[in-house]
Amino acid sequence: MNRSDQQAYDRGTSLYSPDGRIYQVEYAREAVKRGAPSLGIRASDGVVLAAQSRAGSDLMVAESIEKLHKIDDHVGAASAGHVADARKLVDFAREHAQVNRLRYGEPVGIEALTKEITDHIQENTQTGGTRPYGASLLLGGVDETGARLFATDPSGTPQEWRAVAIGGGRDGIQEVLEERYDETAGVNDAVSLAVRALKTEVEDIEAEGMSLAAVTEEGYDPYTTEEISDLLDGVDVDE
Amino acid sequence: MNRSDQQAYDRGTSLYSPDGRIYQVEYAREAVKRGAPSLGIRASDGVVLAAQSRAGSDLMVAESIEKLHKIDDHVGAASAGHVADARKLVDFAREHAQVNRLRYGEPVGIEALTKEITDHIQENTQTGGTRPYGASLLLGGVDETGARLFATDPSGTPQEWRAVAIGGGRDGIQEVLEERYDETAGVNDAVSLAVRALKTEVEDIEAEGMSLAAVTEEGYDPYTTEEISDLLDGVDVDE
Amino acid sequence: MNRSDQQAYDRGTSLYSPDGRIYQVEYAREAVKRGAPSLGIRASDGVVLAAQSRAGSDLMVAESIEKLHKIDDHVGAASAGHVADARKLVDFAREHAQVNRLRYGEPVGIEALTKEITDHIQENTQTGGTRPYGASLLLGGVDETGARLFATDPSGTPQEWRAVAIGGGRDGIQEVLEERYDETAGVNDAVSLAVRALKTEVEDIEAEGMSLAAVTEEGYDPYTTEEISDLLDGVDVDE
Amino acid sequence: MNRSDQQAYDRGTSLYSPDGRIYQVEYAREAVKRGAPSLGIRASDGVVLAAQSRAGSDLMVAESIEKLHKIDDHVGAASAGHVADARKLVDFAREHAQVNRLRYGEPVGIEALTKEITDHIQENTQTGGTRPYGASLLLGGVDETGARLFATDPSGTPQEWRAVAIGGGRDGIQEVLEERYDETAGVNDAVSLAVRALKTEVEDIEAEGMSLAAVTEEGYDPYTTEEISDLLDGVDVDE
Amino acid sequence: MNRSDQQAYDRGTSLYSPDGRIYQVEYAREAVKRGAPSLGIRASDGVVLAAQSRAGSDLMVAESIEKLHKIDDHVGAASAGHVADARKLVDFAREHAQVNRLRYGEPVGIEALTKEITDHIQENTQTGGTRPYGASLLLGGVDETGARLFATDPSGTPQEWRAVAIGGGRDGIQEVLEERYDETAGVNDAVSLAVRALKTEVEDIEAEGMSLAAVTEEGYDPYTTEEISDLLDGVDVDE
Amino acid sequence: MNRSDQQAYDRGTSLYSPDGRIYQVEYAREAVKRGAPSLGIRASDGVVLAAQSRAGSDLMVAESIEKLHKIDDHVGAASAGHVADARKLVDFAREHAQVNRLRYGEPVGIEALTKEITDHIQENTQTGGTRPYGASLLLGGVDETGARLFATDPSGTPQEWRAVAIGGGRDGIQEVLEERYDETAGVNDAVSLAVRALKTEVEDIEAEGMSLAAVTEEGYDPYTTEEISDLLDGVDVDE
Amino acid sequence: MNRSDQQAYDRGTSLYSPDGRIYQVEYAREAVKRGAPSLGIRASDGVVLAAQSRAGSDLMVAESIEKLHKIDDHVGAASAGHVADARKLVDFAREHAQVNRLRYGEPVGIEALTKEITDHIQENTQTGGTRPYGASLLLGGVDETGARLFATDPSGTPQEWRAVAIGGGRDGIQEVLEERYDETAGVNDAVSLAVRALKTEVEDIEAEGMSLAAVTEEGYDPYTTEEISDLLDGVDVDE
């Protein structure tokens, strides 16, 4: 389809192109790629989440560009794409997790939580008067089925992963994950793989711009900048 | 009708073209064809549902791309097309089946369930401010009238089938079904036919990307990857 | 009016063209003509409804393409055009008939029922945010005024007929009806005329694709495929 | 104003053209002219209403194309234009007449009834999301002020007439009325004038396609096809 | 601003042109000029209202084209422009006058009444989904502040006048008023001036097409056609 | 930005241009400049408001073109721009002042009142389906903080002034104010300055078309036409 | 992307461009740059806020162009961009702070307050029928976590800063801040840095157009024009 034909169908979430595509959803996927990358790795005993931020200035407090979010004691999220959209999805997730605890007296299942979020995302791709979310989330943690890791996308499709990267530079990071992922490894090894994957693909990476957290049976555990710094030093990407 | 004439009428579910077509519904049918295929086969003692998924990566958990869904003890669904749209229809179906049990104390009829879903789909083709569903469902199972298999399409038309395929590559699969379908065969033979039909048409088919389930008087019975692998090995498509 | 002038006025049910036409309603009439034909014949002692379906495959259960519908014990409907739209109108008719019984303890009059439906159809041609129904119904049966047969169209106009065809190929079928209709004939002769009219105009007609029902004081009586097959064999269209 | 300038302003009831016209209302007037004609004549002792229908087929039940409508015991209506729109206005009138009886225990005044209808019509010319009514009504009858005859138009303007024609061929019929109208004549003479006026202007007029009613102190009195036939025979238009 | 530039801004009451004009309001003023003229004159002891109608036919009951309206015992209105719009404003005025009597037990002030109406008119120039009123009203009568005469326009601006004409031919009539208006004259002289002004400007004026009313402390007093005829005869426009 | 580029962004209050402007708000500012001027001057002991009107005819009652408005005992308003819009803002101000008295038992602060109004104006620049107000207000008076004078604009920005002019010819009048304003002067001198400023800039100024009011601790005090006439005579603009 | 391609996607907050951008949000950022600059500096014992205004006239009361706002005893805000939009956000912040005190009996956390505001801003970038806010806020103060400084932007992203400038001329001011910021400095030194940064970048800076406030444990403390004047004199920008 040439350019002017495409333009006839790409302005409205309520519109299909003749070949059955919803362009606004595809463009929202581009918005996800414009951001810095995030990744998640499922280990045998938990899930590791990591994210890279692009601080525009030394005066900015790097942690304020939150890309990792504790959703509940047993589940965290990493985001990529339009920051404000991601924040709204994170709020949605936290609220749903809380309501689940109040109503059923137990932590929400991670798959159920993910599907609640993707249902909400899908609504924004079908109903007029709004735009799709320009952000993706990784949801990882430990529930009664074990360690689980899910990704959402702007169409509202949930997918379960062993290890996955989203956002800008996703392809290179995913390649590292595919080469080195080991399903039997524990959280510590998964942390090393996460750091290696980001270090391989992000130029001039610095601990200040990186976030890292592990979610295990012990709960949601974010790493300090010092710990991240040590981890970065300990990885030799050419190895 | 040439291209620029068609473009005058293809942007809005509330719009007919001069020859009486609703293009947005037809484009939604294209969205169904963009997905991987699913199929359903009515056997003498139940219905077999099968679906192929396209996992983009080894790290994705193939089962998470659910294309077969248990709706109730006695009925399952296979989907094709826009994944998030299909999920919404499946949620709609589950909720309706549950409400029926609560209200009437008995399982919902499969024909009645299908029509409830297609009524909902039709609404989205007539009312403004939304787009048609870009997904089709197969609904199969056993109710007091016996084994039944229905398909929905984006216009909201319900159709009953003995055996049917939907989604990408549908035509080739349907051809296999038409050649080999036997109304008197039982579920086991239907399973073989389902595997054969997919193996014939899907290149480099693997058990990991395939889902298979039988719905009989015993209930909804999904096959494991190992069982599917054995079935795939047991079929010689040139036979 | 030339093409580009017409295009200026044919996109919206809330829009008249300079010569006072509502094009979207006229295009919806084209949608009716795209479907397979249906017909109705008023006999002295009841009404006969018949319809032809286009089954796309031997594996489709032909009866599932319902084109004849029992509305109540004393009234049936035949439809043509957009199948999902027709189904919605049939649901509307059934609900209204039921409500009438509950409220007044008696069967709804066929004329009153028809007008309730056409009022609803008209709303969709005047209010924005929706499209006209792309389907027509024939409503036939016996009420306290005797045998009655009505047709609806996409503008919402009710018309009473002695014998009428709607849908694709309507003109040829109507011609047969006009030549051979006999107001004094009973239901059996009307059935023969219905079969003759469809056999004359539908190429390669088969019993499987045809529906036939009579509504008399005895109630709504659908014919089996075997009965239809016998009737088809019994008609010589060159006679 | 040339054509393309006019097109800039004629799509929307909420839009004036630079010379202060509302084109959609003017186009709705064209819709009225597309239908068959109706007329009304005020006699000394009542009002006569007459209408011509265009039956498309001998198999259509001519009376079903209702163009005369009893609104209440003392008032009737004749319509022209878009049939489904006219039916909706007639329903509106009947409901208002009934409510008036219930609320005040007396028949509604014909002028008051007319204005209630035209207020409703006007709303549709000012509020967005809808189109003007493509139909006109004549409302005639006898109330405590004597015999009264009113016409409505698509702009929502009520006008009182001694004798008036609306719909297709209106001009010729109105000419006959202007030549021969006699304010002192009784209902019988008015009936003759009505028949003459239609016979003069409608080619190949037949009793089956004509409706005729008189509203006097005795109530609403429709003529049978036989009576109309006799009346048609009794008129010599060249006289 | 040239034509095509103007067209960019003249379609929507919610839109300013670059020079700060709201074209749809200006076009509504043109709608007022398309109608027949009305005038009002404030005398020392009351207000005189007069209006000219354009009856299209002798068979139309001229009085039915109401252009003078009794609003309450102490206030009347004359209208110009789109007849159905004017009727709606008159209904609005009557209702407000009645509510005022019910709520406060006294007649509404004429200035307050006018402002209530113009507030309503203004709303229609600011809120989307509707069009401005294509009609102007003159409101005249006697309240506790004496004789008062106000005019409304399609923008919703109220203005008080000693004597004023609105509608088609307004300029010529206003000129006569400006030449001959005498603030100290009584109602009888004002009536003569009203008749003279209309006779001067309206070609082939006839009593049947003219309405005339005086509002004094005695109340609202319409003139009969005979009285108007005598008044017309008594005026020599060349004098 | 050239003309056709500008046109792409200037139709909708919900739209920014690429350089961050909201054209519909800027065009509404042009609407303010199309009206006659108003001014306000803060004196040591009160505020003076003055306005010029353009009466189109001697027969118009000049005072009816209200441009000065008493809002409450201690605060008045002068307006410029679209008259009907200004009236609506004045009604809003009066209602708010009254509610404040009822709720808190004390006169509303002038700054608080102004901000309430500008909040309302801002809403109309952000929410769709409406247009910005095409009018500005000056709000002046005496509250417990002393004499205060505020201006509103179509964007909804409140500004406090010592002396300010709005509307057509604003620049010349403002120049006079800047040359001659004396913060220590009392109301009488401020009145002289107001008259001088208008006389300097308005051609053929007449007392009838001018409004003048002082708001002091004594309350809102409008000047009579005679007083204004004397003041006009007493000013020598060349002095 | 060339100009006309960009124009296809930049009109609607519900619209992505093919490269995943939301142009209306980016244009709103331009609106922020059109205003005068504001800045915030986090000191060891509090936060300093400063802003420059552009008074158009000596007669305008410079303080009325409020750009610093006390939100609560412990938090202030500085704004840049569309003044009326900023005012609305400030009102939102104040209301939220007040509600927090009422509900929980304690001052709102500054981070929580900021996120409440950015959630509201984000809504305006996703829901149709409105435009994004054309203003940014700096929120600074002291809460139980110490001195905190946050910025909002038109996309609804919250960021924490040590020192930051927003609005017109932001880049130059930020450069000064980056060169000279010292995290260990107290409020007094931060005030000096604020004055220096503005004096360096704003031409012909005057105390009248500048606002300055410090928020410490003692509360919100605005500086007088005299104090600002002294501070301006005390800074040598070439030093």
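The letters A, B, C, D, E, F and G name the chains in turn, as written, and every chain counts its residues from 1.
Note that a residue touches a chain if its C-beta (ideal position, glycine included) is under 8 Å from a C-beta of that chain, and two chains touch if they have at least 3 such contacts.
Source: prediction; values computed, not measured.
Participant: What is the set of chains touching both chain A and chain E?
Facilitator: In this structure, no chain contacts chain E and also chain A.
Participant: Shared touching chains for chain C and chain F?
Facilitator: none
Participant: Find out how few touching-chain steps suffice to connect chain A with chain D.
Facilitator: Minimal hop count between chain A and chain D: 3.
Participant: Which angle of rotation, from 0 to 180°, maps the CA atoms of chain C onto the equivalent atoms of chain D, to the nearest 5?
Facilitator: When the C-alpha atoms are superposed, chain C turns by 50 degrees onto chain D.
Participant: If more than half of the interface residue numbers appear on both sides, call it same; otherwise different. Which is it for chain B and chain C?
Facilitator: Different: fewer than half of the residue numbers at the chain B-chain C interface appear in both copies.
Participant: Compute the distance, rounded to whole Å, between the mean C-alpha positions of chain A and chain C.
Facilitator: About 55 Å, centre to centre.
Participant: Could you work out how far the Cα centre of chain B sits from that of chain E, in whole Å?
Facilitator: Result: the chain centres lie 68 Å from each other.
Participant: Go ahead and note the Å separation of the Cα centroids belonging to chain F and chain G.
Facilitator: So the centre of chain F lies 30 Å away from the centre of chain G.
Participant: Residues touching two or more other chains, restricted to chain B: which are they?
Facilitator: 13, 128-129
Participant: Ring order, please: chain E first, chain F next, then the rest.
Facilitator: Listed round the ring from chain E, with chain F adjacent next, the chains are E, F, G, A, B, C, D.
Participant: In the complex of these two chains, what residues of chain F are touching chain G?
Facilitator: On the chain F side, the touching residues are 5, 8-9, 12-22, 115, 118-119, 121-122, 125-129, 150, 155-164, 174, 177-178, 181.
Participant: Sort out for me which residues of chain C touch chain B in the complex.
Facilitator: Residue list for chain C touching chain B: 3, 7, 10-11, 13, 23-24, 27-34, 57-61, 63-65, 82-85, 87-88, 91, 124, 128-132, 134.
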